[in-house]
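These are the structures in question, set out in turn.
Okay, so chain A shows up in both of these, paired with chain B first and chain C after.
For the complex of A and B:
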């Protein structure tokens, strides 16, 4: 019973870290995406460099750097802040690539038709390219989100009290080592299954609408 | 097909000394063209002659290196910087129909035609839909309004694309090989619509391989090869008595196959 309690206490934190990192990652991916699509060689190089740097270093190392390394003056990140920022930035790099791929999958004729019709750039992105790219991106986006849900456990290493952290503590205190981790595994599956089902459902539904 | 000769000689489209090259590869050399109001100009010629490029330069889907384009009084000089306002005005004056239709696949047929009216002309949803339905009815496609483009045949999609362009009230319609991606039988549906448009007095420039259309509907035939206009004039005269050896060769290839 106490076992379940430990996990249930960690559960909201797991969800919080995942949701916040994903939100931060999605927003931060946009300027990176703009850089990747920029005709300006310097901006492109800058974006490319940031993405490769973010992806090239293991997330756990980013969390350590942010948590233990950033303490300039009064600024000291809490474990949650460091966890969300670290995972969020890494997500931004991957999501920027996902979005870039989705945008380049939109047929060039869509741009041409929009230009020929005299659409503004805002209309082009919001009404034509955006919705089509988003549809293409949904499967990869949810796959990444499910991955992030599990990777949020990395935040346990800097003391964010999410599922794995709580499980670990319980295991050490009670001495019954392995069972709680099986339960934790079950909870992760229970969380990610509906996400996967939702994604597939959205995907097939949208395809049905536009397909022959 | 009998047509009333254009009453005025008001030139809707004027292209002067258009030139374009990709590096060493010259795609257009000194192309000039005038299109009177209410006339149909057919552009023919072998692949790679630059026909589509001329058409795409007219509404600046491609930017020429030099030359001038004037559509309905909106002048664009390739050498100078193009103002957004002038570009918008030019594109509003010219409706474009593409070889591959380029309908928006994620919108219903009705939205495809209504959205540009709302965004570009500022029409209300109701006004736009009313105009769209009027055009769809004219195209014989009123029952397709709520379908998605992928559920329509190629010929239907191309007619929807024509309706989408017409809905903005263009002064000239530019057709870029509108039937090339269609089965011959399906292409006929589209050609019929184009003939009706021509009969109603729409100014049209049509890049095509449809020799029947070029001969019977067009007022002016323009033959292009190697990035330049090599011959132009009355379609029947050009076809029966081509002055240029290159035209003769091309016409033999398309007519005597």
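For the complex of A and C:
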């Protein structure tokens, strides 16, 4: 019973870390995406470099750099802040690549038609390319979110009290280490199942409406 | 920021031992996990129900649970059933599980992508089912899966950084102990980050290159 209690206490934190870092990652992916798509060689190189660096260093290293290394005056990041910022930045790099791929999959006729109709850039992105790119991005986006849900466990290493942190504490206190971690594994699988089903459902629905 | 760069460069050589442990852990998990992944890729589609369920269990838990959970399961859990392993061996078992589960799916994807003409050709030549797998389907399937397997190997290398939570003396734990003994946390973690990046960024480029070369043949 205590086992379930430990995991249930950690569950909201796992969801919080996942949702916040996904939101941060999605927003922070946009400037990177703009850099990747810009004609300016320097901006492209900068974006490319940031993305490679963010993806080339393991998330746990980023979290430790942010949590132990960064101090603004006397101000230090809390574990939750460091966790969300670290995972969010890493997500931004992966998501920028996903978005770039989705945008380049939009048929060139769509761009040509938009300029032939004299659409402004805002209309082009908001009404033509944006929605179509988003539809193709959804399966990879949800797959990445499921990965991020599992990666949120890394925040336990800097003391964010989510599922793995709580299970770890329980295992140390009680000396019982099999059942608790199997339950934890089961909770992660149970959380990712609906996301996977949703993704497949959206994918089949979207396939019907996307022009190719 | 003053003195950060000299600190980092001074720390880099002291961490090579940890990097070596990280690489040993990566390679041994791959060596054990890849053959298991190949077995599991057939296990999840075998008609034998018991074998299939066992394979599905290993694949689903290995992919569905975070690597961190598997690491701690092996480290804190195995002593409960009277199996005591060193932290390096238990970490290797956990990452082998992850590797086998992920590569099973990647290999299955590669095998399914082998053109059906190859299988028909093998049948027409009168190859036995075993020979058909051994000489025709598996070699080509593995080749198709190679770029994604390389991509996975990079992620596995990064995942070994989590083994520090179960006291494996790899790069991350070395950075942490250096940081806590000298209070130079930031230089220590930056040095570790540089070493991780120095391996995984070129390795990622290699996997992208392999993918481009493969797509030329398909």
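Basically, the second predicted complex is superposed on the first by the 207 of 212 C-alpha atoms of A that agree within 3 Å, B and C clash if a C-alpha of one lies under 4 Å from a C-alpha of the other, contacts with A are read in each partner's own complex, and residues count from 1 in each chain.
Here is the rule we go by: a residue touches a chain if its C-beta (ideal position, glycine included) is under 8 Å from a C-beta of that chain, and two chains touch if they have at least 3 such contacts.
What you see is a predicted model, and the numbers here were worked out from it, not measured in a lab.
Enquirer: Should the superposition on chain A be reported as showing a clash between chain B and chain C, or a fit?
Expert: Overlaying the two complexes on chain A (C-alpha atoms) leaves chain C and chain B fitting together cleanly.
Enquirer: Contacts for A:132 in the overlay, against chain B (first) and chain C (second): which applies, first, second, both or neither?
Expert: Only chain B is touched by A:132; chain C is not.
Enquirer: For the overlaid structures, how many degrees, to the nearest 10, lie between chain B and chain C at the C-alpha centre of chain A?
Expert: Roughly 110 degrees separate the directions to chain B and chain C.
Enquirer: On the A-aligned overlay, A:115 touches which partner chain: chain B = first, chain C = second, or both, or neither?
Expert: first
Enquirer: Looking at the overlay, does A:30 come into contact with chain B only (first), chain C only (second), both, or neither?
Expert: In the superposition, A:30 touches no partner, neither chain B nor chain C.
Enquirer: Could you say whether A:4 touches chain B, chain C, both of them, or neither, answering first, second, both or neither?
Expert: A:4: touches no partner chain.
Enquirer: Have a look and say if chain B or chain C is in touch with more residues of chain A.
Expert: Comparing chain B with chain C, the partner touching more chain A residues is C.
Enquirer: Looking at the overlay, what does A:123 touch: chain B (first), chain C (second), both, or neither?
Expert: The first partner, chain B, only.
Enquirer: Between chain B and chain C, report the minimum C-alpha distance in the superposition, expressed in whole angstrom.
Expert: 27 Å.
Enquirer: Indicate the residue numbers of chain A shared between its chain B interface and its chain C interface, in ascending order.
Expert: none
Enquirer: Looking at the complex, which residues from chain A come into contact with chain B?
Expert: So the residues of chain A touching chain B come out as 107, 109-110, 112-113, 115-120, 123, 127-128, 131-132, 135, 209-212.
Enquirer: For the complex, give me every residue of chain B touching chain A.
Expert: Going by the criterion above, the answer is residues 59-61, 88, 91-92, 94-96, 98, 100-106, 115-116, 119-120, 148-151, 164-165, 168.
Enquirer: Taking the complex as given, what residues does chain C use to touch chain A?
Expert: Within the complex, chain C touches chain A at residues 60-61, 64-70, 72-73, 75-81, 158-159, 161-162, 164-165, 172, 175-176, 179, 185-186, 189-190, 192-193, 196-197, 200-201, 204.
Enquirer: What residues on chain A touch chain C, complex-wise?
Expert: Within the complex, chain A touches chain C at residues 52-53, 55-62, 64-65, 68-70, 150-151, 153-154, 156-157, 164, 167-168, 171-172, 175-178, 181-182, 184-185, 188-189, 192.
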